[in-house]
Structures are given as structure tokens and as C-alpha cells.
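These notes are about the structure you will find just below.
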Amino acid sequence: MTLRDIHVTMAHGGGGKAMRDLIDEVFTAVFQPPGSEDQARLTNDALSEPGARLAFTTDSFVVTPLEFPGGDIGKLAICGTVNDLAVGGARPLWLSAAFVIEEGCEIALLRRIVATMAEEAAKAGLRIVTGDTKVVERGKGDGVFITTAGIGVIPPGIDIGAAKIRPGDAVIVNGVLGDHGATILAARGDLALSADLVSDCAGLGHLMQAALAAAPGISAARDCTRGGLASALNEMAAEANVTVELEEARLPLRPEVVGMCEILGLDPLYLANEGRLVLFCPADQADAALAAMRALPEGAGATIIGHTLERCGAPVTLRTAFGGARIVDMLIGEQLPRIC
Amino acid sequence: MCLGIPGRITAITSPDRLMAMAEVSGVRREVNVACVAGNRLDDLVGQWALIHVGFAMSLIDEDEAEKTLLALKDLGEAQETLEQMAASQEALQ
Amino acid sequence: MKFASEFRDPAAARALLSAIAARADQIGATRAHPIHIMEICGGHTHSIFRYGLDKLIHEGVEFIHGPGCPVCVLPMARVDECVEIAERPGVIFTTFGDAMRVPGHRKSLLQAKADGADIRMVYSPLDALELARRNPEREVVFFGLGFETTTPSTALSIQQAAREGLANFSVFCNHITVPEPIKALLDDPDMVLDGFIGPGHVSMVIGTHPYDFIARDYGKPLVVAGFEPTDLLQSVLMVLTQISLGRAAVENQYARVVPEHGNPVSLAAIEDVYERRPSFEWRGLGEIDASGLRIRAKYAAYDAEEKFGIGYAAASRNVPEIEGCACGAVMTGKLKPTQCPQFGTGCTPEMPLGALMVSSEGACAAYWQYAGARTAAE
Amino acid sequence: MTLRDIHVTMAHGGGGKAMRDLIDEVFTAVFQPPGSEDQARLTNDALSEPGARLAFTTDSFVVTPLEFPGGDIGKLAICGTVNDLAVGGARPLWLSAAFVIEEGCEIALLRRIVATMAEEAAKAGLRIVTGDTKVVERGKGDGVFITTAGIGVIPPGIDIGAAKIRPGDAVIVNGVLGDHGATILAARGDLALSADLVSDCAGLGHLMQAALAAAPGISAARDCTRGGLASALNEMAAEANVTVELEEARLPLRPEVVGMCEILGLDPLYLANEGRLVLFCPADQADAALAAMRALPEGAGATIIGHTLERCGAPVTLRTAFGGARIVDMLIGEQLPRIC
Amino acid sequence: MKFASEFRDPAAARALLSAIAARADQIGATRAHPIHIMEICGGHTHSIFRYGLDKLIHEGVEFIHGPGCPVCVLPMARVDECVEIAERPGVIFTTFGDAMRVPGHRKSLLQAKADGADIRMVYSPLDALELARRNPEREVVFFGLGFETTTPSTALSIQQAAREGLANFSVFCNHITVPEPIKALLDDPDMVLDGFIGPGHVSMVIGTHPYDFIARDYGKPLVVAGFEPTDLLQSVLMVLTQISLGRAAVENQYARVVPEHGNPVSLAAIEDVYERRPSFEWRGLGEIDASGLRIRAKYAAYDAEEKFGIGYAAASRNVPEIEGCACGAVMTGKLKPTQCPQFGTGCTPEMPLGALMVSSEGACAAYWQYAGARTAAE
Amino acid sequence: MCLGIPGRITAITSPDRLMAMAEVSGVRREVNVACVAGNRLDDLVGQWALIHVGFAMSLIDEDEAEKTLLALKDLGEAQETLEQMAASQEALQ
């Protein structure tokens, strides 16, 4: 081990020996990418099957705090990109990982994050094959930002998407909503709230494959990340030109999440999730999809939360437990805690 | 305006600053209890209070809550009777 | 959730809705000639839309959304002053989240933050105090905003700061009071209101008697109400019952939280820390006598107006509000949000023109977001 | 145009309407990615040719200032990833682009950056097919960071890499060295130096293809980015177990770059380049490679700067114009200006 | 580059090398019994390795790398004080880049920066002055480091600050002088040196006479030299020529830049701003009488030692240097870098133990980087 | 130590602060010329000076530079003669 530093300094981004040591010891030793050229060179038979398509996606991950109950930014970075591949029906194959590290970041923290990433990638059955690190001056970053890009293969015959959603589809989520958002709100500490909550962060590749196998009629799926369930549904319903009608009584919510929302005047439908997807499927395949999802831990809480109608009025409406109805609008900016 | 929510006082955290832990559906927050502190702070533990911006503003009167709920129940029963009456009247016609 | 979910019971709601319908019919209220009930409080407005009560209730009962959202009634010039303070070097400006988006003439606090001001959202003035303790070299300013419900928390925080001798903490005080604008509304000759739903959490502090004049002098019923849906419906029923009986009294639906005489500790703290301003400006309503509070001279060290030389003076208030904004008319029940010429065109939640579009408790935003009363953009 | 803001606020990262507007107007409208699902779905015949391999790479881009003579961070982000594909012999096909934007960033600046990216992608003959934006609080970022990932195809039969370098190979660069690094040093302004320098930032995909066509024996190539020519050569020579002998007199350097280095006590061999590659090829194909490179504007300054020997001592040595010799070591940390 | 490239002419170098070889042979210098010539200045060390002169020159001429790198001789305790100042809230600590990596006991400035101190690299003390002007609410401290060459620039900057009344600018003065350590070296009974290459840029300020004692009192030749390779070789030839003739004089090879009596404006500024410390510590050499400068009382307002209460006192200097470091022996020519037990194992450029490994002008780093004298790690 | 480099003064930028523009191989930097300022600042323009940490520390004496170069040239020629002599001596043997 030649890397004796405790913290990252600008030297670790300077292109020299310090950088090489950091990359070799902290990243390459764990990810074990194939080769050391500037680009990974890859082959996979599934890609050359006639009718197969390549799926490609990217996300940057920024989160405070970097480590939180139930995960860390590394887990988010793997799961987020796996999920963006998975919800398109793709089987994730390879990931890239690029790090923007703030000067002063603890190297031990980097090691922990990298370990989580490797573990989560293994769970998802894929490899991190290429990467990058940059170091920025203190006050010009926030610990670590990670950007992952993912390549997957969509097998021949699979073609799902919001445009395929039809009136009458069942709307299914794979578990309780808002745990991640509420966990982060509490973990951040500025509001001095605490609760025994754990982020829902999880890779949903296997879940999505299982659901597709059980319910081949699935029309579309999205993971409900920033902006929560409400935003994902609004986007999809608008694109499909249907109305999604949710039933408030069927929304799976933990009491702690509800409590947090009541205290801060937030709506749990807009809280971020990192291991939740919403999928649409013909009503007659809903039970099959649910059964397949519930058979996996990340789908244990799968449940139907509503259904689609011909477009009538707003893209997303909610029937309150109360018998009333209201529109579930797209979020405007960010959700700000209210007091009044 | 004035988002307030019932929470249970679970512990006194700082007697001199009149701070206590309150819990709302499993969510904990330290709150100031100056407005609801009687002579014995410890008596607050276990009580429900209306929490607003980090302050316990008012103790919740469980009897009054019960009364309100009872009134609702009575009204419900009365309405049911009324509706049954209306229905049988309709049937008669 | 105890003391909350019990009051969200659909069966009870159905019973209340039937009883309301019966009373409304009895009074002869119709869509064309409705009974106008103002819920003063933005929290009530929020509940009405969140639970869809506006659509469930008898068509002869119309909710008029009152001036009870402190974010909505804050005049633009006051937001400008917030920004001015927040942009001073060394200042940490703390605020509740909902005040972040209110437009000033130059910018909102959200924009000021993007431009570099150190603005932090807090849940409580206690969090601002804690920031002041932890950042002794910075000036921590708390944006004191709200009605009587919130007023005591700021007062208690100032008292605590004084006890600790926290020299770097101050409050930019914009606290306002409920009874005065109600009186102003009632004095309006065009007034169409038949009764009021009173803000329960305000009465938790001040009790029910400050509203006695409404029944006594103006002959209008007022029911102090809780915030759960059956609380609201029950209160509407109580108002209608009074009307049908030709009575006008102040009643308390929310007795589990509201003591008749309010909270003595809170009232004492308010009395200790604040005094009334001669008048204060309300967006859409103009200057209203004795409707705002300022920090007493004995706490001048904690008064951001003193510290930063930003005194409230009606004379300096002549920065014009935005033209074409009908907030005042909406807040007084003269216009519905959708009747404002700006609604959905010049004024949307993304780019609010008037304050009623900013806060989700504002009548216009609620119409837009929950009720789907979209126009141009949809 | 519904986006009326001048600056980015946290609302633009909140997952709601403000974010959608920003993405739609600033990014999607220009990049025009295929579809609006969470993942691009792609096909390309070259990928399914027998023996073809997929090349995959990523880099994060951080630079101050964001705009500089000769380019901006967007140009870097496209060219950098194109080049990392190109130097492996791959034909670039698709790019992803993820933005981490600091609260307060000017939206007009974002638009300019995005325009550069689109232009540069078009030049390289590829599409930006998927992306992401995140907004971080002021003081937790630095204007914009961009992470691109790139997918390319390595045609059957092409297999270059440092391990293939042989003693006797000619060492070729495509133009003057250090212009980018010196330009940024001047543009940053903290040293109050100015010079009429322009970044060398350029996409080298076409150049690399041309060189490979003319000199199929090319053994390896790298772009000389962070750490400069010296770092790229050290890495490659170490991997190939050869010694690279440079000739000082043949190093192409602009007087301004030399001047900047003399003033600050820097070595131009360690200055960053963003449009320069070093390639190794058998001596008997060097002229062909040079001719092909010089036919393109980005290779106009192509020249031989040295050659490889059986490993003797250090990986990289330099024969001074003076007749002496010295080791050209790996940079240690970052190059710091010296005064003494 | 005018006045530079002319002095890099390979043909001239070849001629010089031949002449040097002839002289060396004439004197009888061999690898086993070489002539030891100390280049005092780190800049000369750098040129020697950069151009590979060490390998080109006759094997009977051995360069001994002197104490003339101000970064290398800075004692650790002084770096600790830099860090201490830099870490104070409100301070902007400005420094030349090469001082960033020097290890202190706790950390280097580079590490302090990573840990949050606001440390900025500047090219000139003028840039620090400008930072002070632009950040009136911050304390800008300039790390004044260097020999007589650099000393006037700091002095002129302090005078400028005084003229402008810039209250937030100060200098942490660590300026040192060349003649005193040379005298210390010459007084060392183990001394093996036969002649000196004098630092040209120091003499540009102080002229050549301050070295007269070397020739006069110790009988050693000294040639003030420029920094281009032919300058150096020519100077070596001049030293050898003196030796062969049995002479010892101070000669000036660098007359295009060095006036015999130095620069009067610089000397006046130095005289105005500084006074000599009784003694100053040199890493590896220990305390040397009158070898350091401090800021005079009349400029106390610009003296960071005064401002931050960090006075230089030999008494407080007892923080031990790192054990096992042979920097002192290397700097005095007693050991070669490769003979230090730490070289390449405990001490590498990535993790320097001694200062000679930190700066690329340090003898050990030069041996490591340019000359490839690697050991363990390779 | 004491990295210095010849630069040409191209303009006086601030006479009262004694600042001028210096140019080194096309790289420009404002430098202080206090140490080399004679009576007429403008005379500096066009002159070469040794630049160190943003200060023009010494004017470069072009005659002296010429002399040094001449000495080198002479030495070169002398060496050449010597070498030729050595070579012809060898040839004779």
C-alpha cells in the first residue's frame, strides 16, 4: 500500500503518481476493470442476437449525507443506474463510474463507498468496467459526486414504454413509498428530526425481469426517484395520454413517513425513492405480476395503488380515503417544508 | 397557516431549557415545552400536545376529543336513522 | 396517528355531509345563491382541497378563502427587505421553507440563495438559535413570520437568546394578528360573508373571546375549528345551524386543543416581547391598523430592524405591488381565483405573480394544483 | 419558452416542473435524444459484426473557468470521451451526458455549453442519447461539472494497446504540446498572466481512424490529458516494459507555452492537453501515419518526438537539446508553480 | 527566448565541456579524487539536472548541492506555524506554490488546504496585496520566503501596503540570507569544498562583494553564475581555472544581470523594512547567527508574527526535526542523497521525510526524479 | 532558488504604483519596476529586465550579454583548433 494519505488533496487529481496510487488502490483494486486502456473493450453474445437492443443510461448522484441508514452514495449510484436500465426491460451488463471528489474527502470514506458499489454491482450481476476520478478544491464540491452510466441489453421482443400504457391498466408499486426521502431528511440533521427509518435503496433488475416473465403484457415501468411517485406518474400519464387514478387508501406508507410529512407539511407522494418502481400492466395480469414481485425481497410490499382511465382532466388524480378527489399535480420546484 | 400536529411527550431532555422529546408517529424531535409546563415537568411525560414549529403549544384534552368523536358518532347514528326513515318513506310511496 | 386519524373517518364525514346538505336545503342555499363561509386560515384551505371537501359539500355552501396565510399576505417590499438582510456579508438568514418562494420586486429568497446569500430553511426558531450558538462569528437572523400561533415561539426564542446573551441572534419580525383583518373585511361594504370558520391554532394561543365582536357587533357566526376533515365539516355544520336558527355566536369545535382563554404562557411571552405597530401592510388588503407586531425596545438587541436599520414605516411602503394582481379581491371573496385575469397565464405556481399562487395554502395555488382549475397552460 | 429564470435554483433539481422545463428547453431541445424513457434504446449494425467489440469509457470534466479561449467545458466533455474511445481504435457511436449544476449557475451559460456539445458531437459524428441533471447548493459545486460516457465499436481486427508496443516503435504526437494547460493557467487569472493562447481541445476520432488506416501496425495510442505527455508515456512505457527516449529538440512547443513554463518553473511535458494524442507505430509505418495525420487539421502538427528501446533504466528518458540526458519521471502530485 | 536560448547552445556547451575536462585533467581531478564544487543555489541544482550537466561533465568534477533552496531549509516548526496561521478563521494564506508540499509536524500547507484552510498559491506578493484589497473583511497573510533575490519584493509590497494603509495585509517573514550559511559551511572542519558557484540572482540584488570573505579569508574561488547551462559550465570552468592557477577570487560570470554593487533600490527597501534576527534555524544546519530577517517595529502592523502572536524565538524551536533524516549531511556535502538511509524508502517525493525531497530543487528530489537514482521503490 | 527570467518591458501601466507590462515569449504580466525605474519611467519601455515574482529586479545589460556570448564563441573556436590539432597529431602518428 503506497497510499499513505488520510485525506484527498489536490495532488490526487493532478495526473501524477499520487493520482495513480489513489486510483489503483481505492478504485481499480476493488472494481477490477478489464484492462488498463482508456476504454473498456467488451463483448456479450446477447447483444448480437437479432432484434436485441442496447440500453444506455446515465445519472449523477449527489446526496447529503454521503452515508445514511440503509446505504451510501455508492449504493445509490449503482442501484439508480441499474434501475434506469431495468425499467426499460433491459438486463444490465456493464457500468462506468466517474467520481468528482472534494479536496479533503476522507480516503477511508471513499473506500467504504467503493466497497458498497462493488457489492451492489455483484448483486445486480454486472461489472464496473471503466471509470474516472477528478478532484476539485474544497468548497467546489461536496465530498463525492458519482456519475454512473450503464449499458444493458433489451432482449428481442421486449418493448415497453409509457406510450404503451392503455386505459384499464393496473398501477403497481413494489413497496412502501418515501422511505428514502424521509430517511435523508432525517439524516441530514438540519431539521433535527429522527426516526427509525432506512432508505429503500435497492437494485430492481431481478425484480423487473421476474415481473416481465410473469406478466409479459407489462406496458411500462419507471423508478420513482426525485419528485417521487407523483412525478413519475405525471410524466408517464401525460405521455400515454391517460389519467391515472390513485386510491389514497391503497398507498403503502410507513407511519414514520406519514409522521414526518405531517410535521413538515410535505406530501409523501413527492418524496424520493431509490428502490421503488411503478409499473403498468393489463388488469388481468396484475395478480401474476404481483405474485412474481412479492416472491423477491425487493418486491415483498408490491401492491396495486390504482388504475388508468381514458384521459379525463388531469393526468393524475387521487380518490381520497374520504371519498373526495383531488389532482396530484406535477411538483413545481422542490418540496419545501411548510410551517404555515 | 399554523401547521400543528399532535405528538406525545416521551421524555424531558433539558429541564432548565424546558426541552422535551416529542414523538409523532415514530418521528422524534426535541421541542420546547414552556407553554405547557405545569409545576412538575415530569408530569408531561406520556401526555399529548399540539406541536408547532418545535414548541408544544397546548396539551390535548382527551376528554374533549372523546366528546367531539361521540358527537360525530351520534350524528352518524341520527343520520342513519334519518336515512332509514327517508328510505322507508320512499318505499311506502 | 392519534388525535388525527380518528377525525378522518369517512363514515363520520358522510354523516356530516348529509347533515350539512339538510341544513343548507333548509336555509334555502343553492348554487346560484350560496351561503358564503370564509375559512380564515390557510391551513383550512389546504385541508379543504387535500380532502376534496369543496367537491363533496352541498353546492349551496361556498368556501371563501380568507387572508390567513402569512406567506400570502406578506407585502413585496417586506420580501425585498428580507433579501437585503440576507445578502449582507456575514449573515445567515433563517426561514421557514414556505417563505422561500415568495416573490419580491427583485427576487425571492430562493433566488437570493442561488445568487449566493446564506439562507437556511429551519423547522423552528430554536434551530436558528442553535445556529447562532454554533456560529458566533456570524449574524443569524430569523425571519419571524406568522399569526398568533407562531408568535409565541419567536417570543420565547428571543427571551431564551436574551437569557443566554446571544449577541448574534435577531428576528426580522413580521408577525401579524387575525382579528384586525377580519374586522377590516367585515367593514367592507361589499362584504358577502355569512359566517366564519375560525383558525383553531390561533385560538389555541388567544382563546375564542377575541372573536366575540364578530358575533356581537356584526351578527356573524364563527366556529373555531380543527384541521382534520371532520373537524372542518362539523364546523361548517355548526355555522349553518346557527344561521338556520338565526343565531350568531362564537363556538369552539376544537375544544380538545383550544382552551377558552388561550394559553397563558404564550400570551405572557407575546406581551413581554412585542408591541403593536400603528399599522401594517397586508398584500391585497393594504394597511390595516394595529394588525402587526414589532419587538419592544427592551429587546432591541434582538430586533433585526434595529440591527440592520430597516425600520417598518408606512411612508417607505410606497413600492408598488405588481399590477394586474387580483389577490386582494380574491382574499376578500369578491373574485374567485379563476376570475383573476392573471390566473394561469401571467400567474402560475412556477412563476407566481401574486402571493396566493406561491404557497400551497394560497387560494389560487390550491385551485390550480388540487382542483385542476387550469386555464391557458393546460 | 416556459423557462423564465436567469439562474439555476434548487427548484431546477427538485424533480418537478421547474426541472422538467430546464431539461426540456436547455438539454433535450438541443440534444434531441431518441425517446423519453429512462434509458436510450439503440441499435447499430457494426456492433453485431463478428469480432467487433464494444468500447465503453467515461470521464468527469471539471474546469475553471468554464469557458476559455478555444472552448468550454462542454467541448472538453465531448472531445475527452470521443478521444478515449478513439485511442482504442474504436469508432464513437453514442454519448451520455450528466450535469451537476451549482445553484446560481447562469442558464444562458448552460445553453452555450450545450450548444458547444451538440456542435462537437456532430463533428465527431455521434449522438448524445441520454443524460441527467442534478443541482447542488451554492458552495457545493463549481458552476457545472459534466460527466460523459461513450460507447464505440472497435471493428474486427483492430487490437491496439500499450502491451503491443515494441522496441523500435516511433513515438508520434499530433501537434504542439501544452496549449490547453497553459491556456487554462492564463484564463484562470489568479497568476495574472496573459498570452494569446488557445486550448488545443479537439475531437480526435477521425484523426485516429485515418492514422489506423494508413498505418495498420500502430501498436498503441493515448490522449495526453491530465499529467501531460510525460504521464501518458510513463504509463504506457511501464506497461509495455520498454523505454521511451524523447528528443528534446523535436518536442513541438509554442513559445508562449515555453514562456509560461519558464515564468512559473513548470515543465511543459506535464501540462494538460485536450486534443493531443501520442501514438506508437513501427518505424517503417511512421511516415504513412504522419502523412495521414497531417492531412487533417487536428493532425497538421504531427511529428515524431522519439522512439522506443528495450527497457533500460527509467520508462521515459529525454535527450536534451544539449546532449545531456535525464529521466522524465511520472509527476508526483500536481505541478505547482515554483518561484525558487 | 532572448537572453536565454543563446545560452543553451549545444556547440558552446561542447566547447566548455572540453575545456573543463582539460582543466580538470590538468589539476589532476579524478572520479576517486574529484574537485568538489558547491552550487549554492537550488536553481543551479535544477539546471544541472534539467540539462543533464552532471552526466556530461568530466568525472573529476563533482557538484555538491548547497543549502540554497529556501523551501528545503525551512525548519518544520516554521511550517507548523504557517499551518497555524492559515487555519485561523478569516485568514487567506498566500504562498508560492513550492512551499505547499513541505511537511510540517502535523501537516503540510497542501494538507491544511485539503482540511479547509483558505490557502492560495500566488505568483507574486503583489497578488497577495491585490487579494487584500479585494477582501477587506479577510486577513491576507503572505508567506515571505526566499533569499535576497525575493526579499526586496516582499519589502516593496509591505511599503506599498503601508502607503495604502491596507490594514488586512501582513507578511509571515522567513527571509534568509546566503553569506551566513556559507560561512558556517566553511567553518565546518569536515568541509571538503574546493570552490563555489554563486547564486546569480542573489547577487543581482546584493552584488558580488558580500562573498569577498570567501576568497579572502578561506581561499576559495567563487564565481557568480547565471542559470542557463552554458552559464553554469562557464562558471565551473572559471572556478577550475582559478584553482589551476592557485588563485581565489570572486568573479562574475553573470555580468549581464549582476551589477558589482547590486541593486540600490532593492537594498534600500531591504534596509527600510527588515532587520536581522539574532539567529535563525536552517533545516539540517541548525541555528545560524544573523542569517534571518525580521520585519522592523515600524512595520509591525504588517508583521504576521506580531499580528498573530507567533514570535520567532530560538527557545521555542525545540520541536525535534524528523529522526533519521540526513538532510544536513547532504546539504553540507558530507553525504550523497543516495547515501541517506531514508532515500527511496522512508523518503520519496510522494511522502517526503526531509525537505530535500520536497522541492524539485532539493538535491534528493533531483537525484530521484532526474537522475534516476532510485532504490527500493523501483 | 530565485527563478528569474528575462522579459521585455512593453508599456508603463500605472506610473504612480510603478507598474509596467512585461512580456516573456508572448506571455504578459504586470510587474513592479521600482528596482529598475530611473528618472524617466518611459525609458524603460523596450528594455529587457530580469523578472522575479512579479518584479523587474535588474535591467539586462546587452553589452555584457554580448561579451559573454563572444567569450563562448572564442572558446568554441579555440577548442575546435585544439581538437583539429589533436586530430592531425593523431593522424601523424
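All chains are identified by letter, namely A, B, C, D, E and F, in their written order; residue positions are counted from 1 within each chain.
The working rule: a contact is a pair of C-beta atoms (placed from the backbone, for glycine too) under 8 Å apart; a residue touches a chain by one contact, two chains touch by 3 or more.
These figures come from a predicted structure and were not determined experimentally.
Ranked by distance of CA centroids from subunit D, the top chain is B.
More C-beta pairs touch across the A-D interface than across any other pair of chains.
Centroid distances from subunit E, each centroid being the mean of CA atoms, peak for B. The distance from the centre of subunit B to the centre of subunit E, each centre being the mean of the chain's C-alpha atoms, comes to 77 Å.
Distance between subunit B and subunit F, defined via averaged C-alpha coordinates, is recorded as 88 Å. Separation between the centroids of subunit B and subunit D, computed from CA atoms only, is 64 Å.
For subunit D, residues touching at least two other chains, in rising order: 9-11, 17-18, 191-193, 255, 258-259, 262-263, 265, 332-333, 338-340. Residues of subunit F found to touch two or more other chains are 1-3, 5, 24-25, 29-30, 52-54.
Those residues of subunit E in touch with two or more other chains are numbered 1, 4, 14, 42-43, 69-70, 96, 101, 110, 123-124, 127, 146-147, 150, 349-350, 361. Interface residues of subunit D facing subunit C in the complex, by the touch rule stated above, are 2, 4-5, 7-11, 17-18, 21, 103-104, 138.
Listing the residues of subunit D that touch subunit F in their complex gives 186, 191-196, 255-256, 258-260, 262-263, 265, 338-340.
The residues of subunit A lying in touch with subunit D in their complex are 9-20, 35-44, 47-48, 53-62, 83-85, 87-88, 90, 94, 96-100, 129-134, 136-137, 139-142, 145, 147, 149-152, 154, 161-162, 222-223, 225-228, 231, 235, 239, 270, 272, 330-335. Touching subunit D in their complex are the following residues of subunit E: 1, 4, 8, 10, 13-14, 42-43, 49-53, 55-56, 69-71, 96-98, 100-101, 110, 120-124, 127, 145-147, 150, 229, 349-350, 359-361, 368-372. Contact residues on subunit C toward subunit D in their complex (touch as defined above): 101, 110-111, 113-116, 349-351.
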